[in-house]
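Each of the next two complexes has subunit A plus one other chain: subunit B in the first, subunit C in the second.
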Partner chain A sequence: MLRTLLSEDFPRSRALTAVVLLIVLGLVLAPFVFPGIRSLNTAATICIFIVLVASYDLLLGYTGIVSFAHTMFFGIGAYGVALSLKAFPASWGAVALGAGAGLVLAMGLALVIGLFALRVQAIFFAMVTLAVASAFLILASQLSGLTGGEDGLTYRVPRELSPALKLVSAKVMDVRLDGRIVSYYLIFGSALVLVLGLLRVVNSPFGRVLQAIRENEFRAEAIGYRTAFYRTAATCLSAGAAALAGVLMALWTKYTGPDTTLSLSIMIDILLMVVIGGMGTIYGAVVGATLFVLAKNYLQVLMASAAETTAGVPLLNELVSPDRWLLWLGILFVLSVYFFPTGIVGRLRGRA
Partner chain B sequence: MTDQTSDASIPSPPLADRLKAQAPYWTVPGLAVLGLVLIADASTWGTLTLAGLAMGMLIFIMASGLTLVFGLMDVLNFGHGAFISIGAFVGATVLLALTGWTGADSLALNLGAVLLAIVAAMLATGGLGWFFERVIIKPVYGAHLKQILVTMGGLIVAEELIHLFWGPNQIPLPRPEMLKGSWVAGGVIVEKYRVLAVVLGAAIFIGLRWSLVHTRLGLLIRAGVENGEMVEALGYRVRRLFVLVFVAGSALAGLGGVMWGLYDEIITAQMGLNILVLVFIVVIIGGLGSVEGCFIGALLVGLMANYTGFLAPKVALGSNILLMVVILMWRPRGLLPAGKG
Partner chain C sequence: MTATEPPVLRTEELTIRFGGHVAVDRVSCAFDRGTLTAIVGPNGAGKTTYFNLISGQLRSTAGKVVLFGQDITGLTAPRRTRAGIGRAFQLTNLFPNLSVLENVRIAVQARHDTGLDIWSLATRRRELIELAEHHLARTGLLDKMDSVAAELPHGDQRKLEVAVLLALESEVLMFDEPTAGMSVDEVPVVLDLIHQIKADTAKTVLLVEHKMDVVRSLADRIIVLHNGALVADGAPEAVIASDVVQQAYLGTSSASGDGHG
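For the complex of A and B:
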């Protein structure tokens, strides 16, 4: 059972197993163990980012393609649901319509970019995707009639997901079982399915070919695999998964705007999560996304207190101010590319 | 007699092939003529063309370093954007300190201030480029994936450092007194600053081309782009050449940053990343590693941005992507690809 679920790709290390179990348990029990809106929000964000980062890992870690358009696909999924819920009354049909449209658009766009940039010259891909993604970002913030521009869109979600719904009137472990909880478990369940699906993909024969392309493209081609086809297919799959992550994001936040879905800073966050977690292992995405989101939400608090204690020292104070946390993560990122190219997961596996 | 036989034995290629080889050079005039037909108003067209050329020249200044670095050492440097931002901030610091010169009604003092700012920016970014090459890029030669990741990381850190030293806000950067405003000649509006940008860009293009074609160093650089191993086998240190090109490219990025900051009259830490997108489009259009291709690409992008900005502002956003797609459909390796690909 477990073997089939994990597609025979076990964590292969006691420490890693413990970490992954801890994360999954933490996410399952989050609404009850860590009550409060803020921690529930953190947990949902972790679930969504795990999917987003795992789908990016399919490209970067397994196929060796650097794309900067991943947030674009994420945004397409989110905007699909947002626009559909804005246009129609909040119902599951509207959600399905928006999600379907976003998924189709994202995969179609990925196909076009992939056919175009991957066939021409692989090294162009990073640059072409950066150009396309930034054009898309500008487009989304300019077409304010459709997308709400910089302000984004707010909308109503189906009643089952809103706090108005009460499952049972009594409290369970001091937590009111309302639509928020339903919504959280919907996101958790979808994320779990998507991550297990991605694990299935990378451990299939198709995934092996992708790894062969990453290791030695020339040889993979010589054996007889059409590398352009496989790379394009990987791009489309990862774009589809990213769009679904966007759908979850749109359902959770009830708000979709360029800053939360499309901006390049999210793209940089994704890069950091993949590399620090460990490229080429879906588990790396799970660990990386969890640590990063936790750090983003709680490290800044820590840094703020550090800034207070060093208030007298001019430069040091600036260095530890909470706004500068990306500086430290950037340095950590560069160092981990050099010294820990396999990331946290690679370290944990290496020790076992 | 012998000359004649050898001439006869090597027939000149058919006209169509010769025209095909020339075709990339005709894209810029072609686009300009197309713009004239579509805009159908000579004075507006003149204004837009000049603006486009100025913008193209500025982009060229920043893109030339990136394309040479790629051509010579196969390094794709996302950190180039950081040099643009840092150049702009260093230049702005100098210009804002020299308000006495920039505010004066004398062209000489104004240009002197701009020149000083440019020199300071180039020194800063050149030095930083040296450091960047030594510390960040040297360990990852030959690994594209790591290069992209590491230089992207460098870009993040540099952006944060700018916030650290210059604060999180954007800084307005007024142009010097004599470079404000514009002349009007026969309905064509000629912004003074754009003239300076065109002159400077053309000078740098001519200087770069001259040193690449007519100096020994340029010969070695071109040979390195064509086949680095062979140059090394002949006893030249390609590595040293590369450091030189990297530093020069970074300095040019700094220069471009100052000029772009004065062009926009405002600077932000994110400007480097935003311009980097344009620079990439230019470098792809031109063909990675080629200075001439880069020049043509930059002019095309500049003209295209201004024409479509006037004709169809909504499409303008995608126009550069469209241009890139069209060029790559026609020539998959860019207009004038250099030796390596």
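For the complex of A and C:
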């Protein structure tokens, strides 16, 4: 059962198994073990980014395709739901319509980009995706009438997901079981299914062809694989999964704007998460996304307390001031890439 | 050789120009089922380029490639492979970070058209794995199947290259210097394999080889390329003895031909 669920692709290292179990357990129990809006928000963001990063790894780590359009597909999913919930009364039908439209548009666009651009050299493909993604970002920011422009869209979600819903009147472990919790578990469950699905795809015969293309495209062609077809298919699948992550994001935040879904800084975050976690392993996406989101959300808090304790020390106090958190985040990344060139997963599996 | 059967593969006036340089010059040649043809010639004669034109890595400027009576000149490399032309490369050309087994399994999978299967598990397609193991056993690599391809010694990489070719179960097998850079004691393993393939009369084998003793022991026929043109074609002893070969090829290298010319 577990073998099938994990597609026989085990962590293959005790340390990694422990880390992955810890993350999964942490996410399952998050609403009860780490109560509070902020930590629940962090946990949901981690779930969503694990999907987003894993789907990007299907492209970058497994197939060897560099694309900068991943946030565009993420944004298309999010805007699909946002526009649908804006236009229609908040219902599951509207969510399904928006999600379906976003999914179709994302995969269709990926197909077009793939057909036109995957035959050219890798660097040109990367540039094409960057251009298309930038154009899409500008489009979303400018079409204020439709997308709300820079301000984005706020909307209502179905009642079952809103805090107004009370499952039981009593509190469980001091936590009120409201629509927030339902919403969180919807996101957690969807993310789990999507990640296991991606794990299945990369371990299927199809996924093995993608790895062969990454390793040696010339030879993959010579043994009879039409590599342009496989690369396009990988691009579409990856775009579809990113769009679904966008759907989850839209449902969780009840707000969709260019800065939270389409911006290129998110694209860079995704790249960093893939590299830090370890390219070419779905587990890398799980570990990378978790660490990155945690660092982004809690480094400032950590530094604020450090600054307080070192209030008397002149230079050190300046260095650990919460305003410098980006500097420290940067240093952490440089160190992790330097010491774990094959990512944390590669290191834990002992191949680094 | 069955004279009545049409040739499995033939090239008609096959030509490729790179700018002003004619690398392969109007080569017409037919290859029969059950034969092994050695293609010899000095370095730069166009042997590998001729191979690339047949297997589709290069597109010809003029001329045709015909397989089983079908003109395949317009087909891409993967479609030619699927049509029955298998190729082993001169410079080892593997999937470096995948295991030895996976290198062969991925070729078996290509042959059996299961690349589009996105939902079953590669580790559970036993029939594909067993076929891959069979080809590894033939090449003597079975005990190394879990090694990473890039970490194999050079000789084993050459054997793996041959195992990948075997896995394609092609009608036409093309070997481009299969023993290049191998140590003396490893060469017989590969030669034995080619002997076995040759014994299977359903196959058509093309071999580019520098070592004249290898060519002598394996070839049913030799064709000689020189400056891209076909200058001699016939039974091995006759071709080797001919003046044109003595001048064009063997003159530049020793007659026993230890190959590093």
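Rule of thumb we're sticking to: the second predicted complex is superposed on the first by the 308 of 352 C-alpha atoms of A that agree within 3 Å, B and C clash if a C-alpha of one lies under 4 Å from a C-alpha of the other, contacts with A are read in each partner's own complex, and residues count from 1 in each chain.
Here is the rule we go by: a contact is a pair of C-beta atoms (placed from the backbone, for glycine too) under 8 Å apart; a residue touches a chain by one contact, two chains touch by 3 or more.
Nothing here was measured: the structure is a model prediction, and the numbers come from that model.
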Contacts of A:S7 with subunit B and subunit C, given as first, second, both or neither: second
Give one of first, second, both or neither to describe whether A:L327 is in contact with subunit B, with subunit C, with both, or with none. first
After lining up the shared chain so the two structures overlap, which partner does A:S204 touch, if you call subunit B first and subunit C second: first, second, both or neither? second
State whether A:L25 touches subunit B only (first), subunit C only (second), both chains, or neither. neither
With both structures fitted on chain A, tell me whether subunit B or subunit C touches more of subunit A's residues. B
Would you check which partner chain A:T227 touches, where first means subunit B only, second means subunit C only, and both and neither mean what they say? second
Look at A:E215 in the shared chain and tell me whether it touches subunit B only, subunit C only, both, or neither; answer first, second, both or neither. second
What residues on subunit A does subunit C touch that subunit B touches too? none
Could you please specify the touching residues of subunit B with respect to subunit A in the complex? 76, 78, 136, 139-140, 144-146, 148-150, 152-154, 156-157, 160-161, 163-164, 168, 273-274, 276-277, 280-281, 283-284, 288, 314, 317-318, 320-321, 324-325, 328, 332-333, 341
List the residues on subunit C that touch subunit A in their complex, please. 55, 57, 76-79, 81-82, 87, 89, 93-98, 102, 105-107, 109-111, 114-125, 128, 164, 167-168
Which residues of subunit A touch subunit C once you look at their complex with the stated criterion? 4, 7-8, 200-201, 203-209, 211-212, 215-216, 218-227, 230
Okay, in this complex, where on subunit A does subunit B touch? 60, 64, 66, 116, 120-121, 123-124, 126-128, 130-132, 134-135, 138-139, 142-143, 264, 268, 271, 275, 318-319, 323-324, 326-327, 329-331, 333-334, 337-338, 341
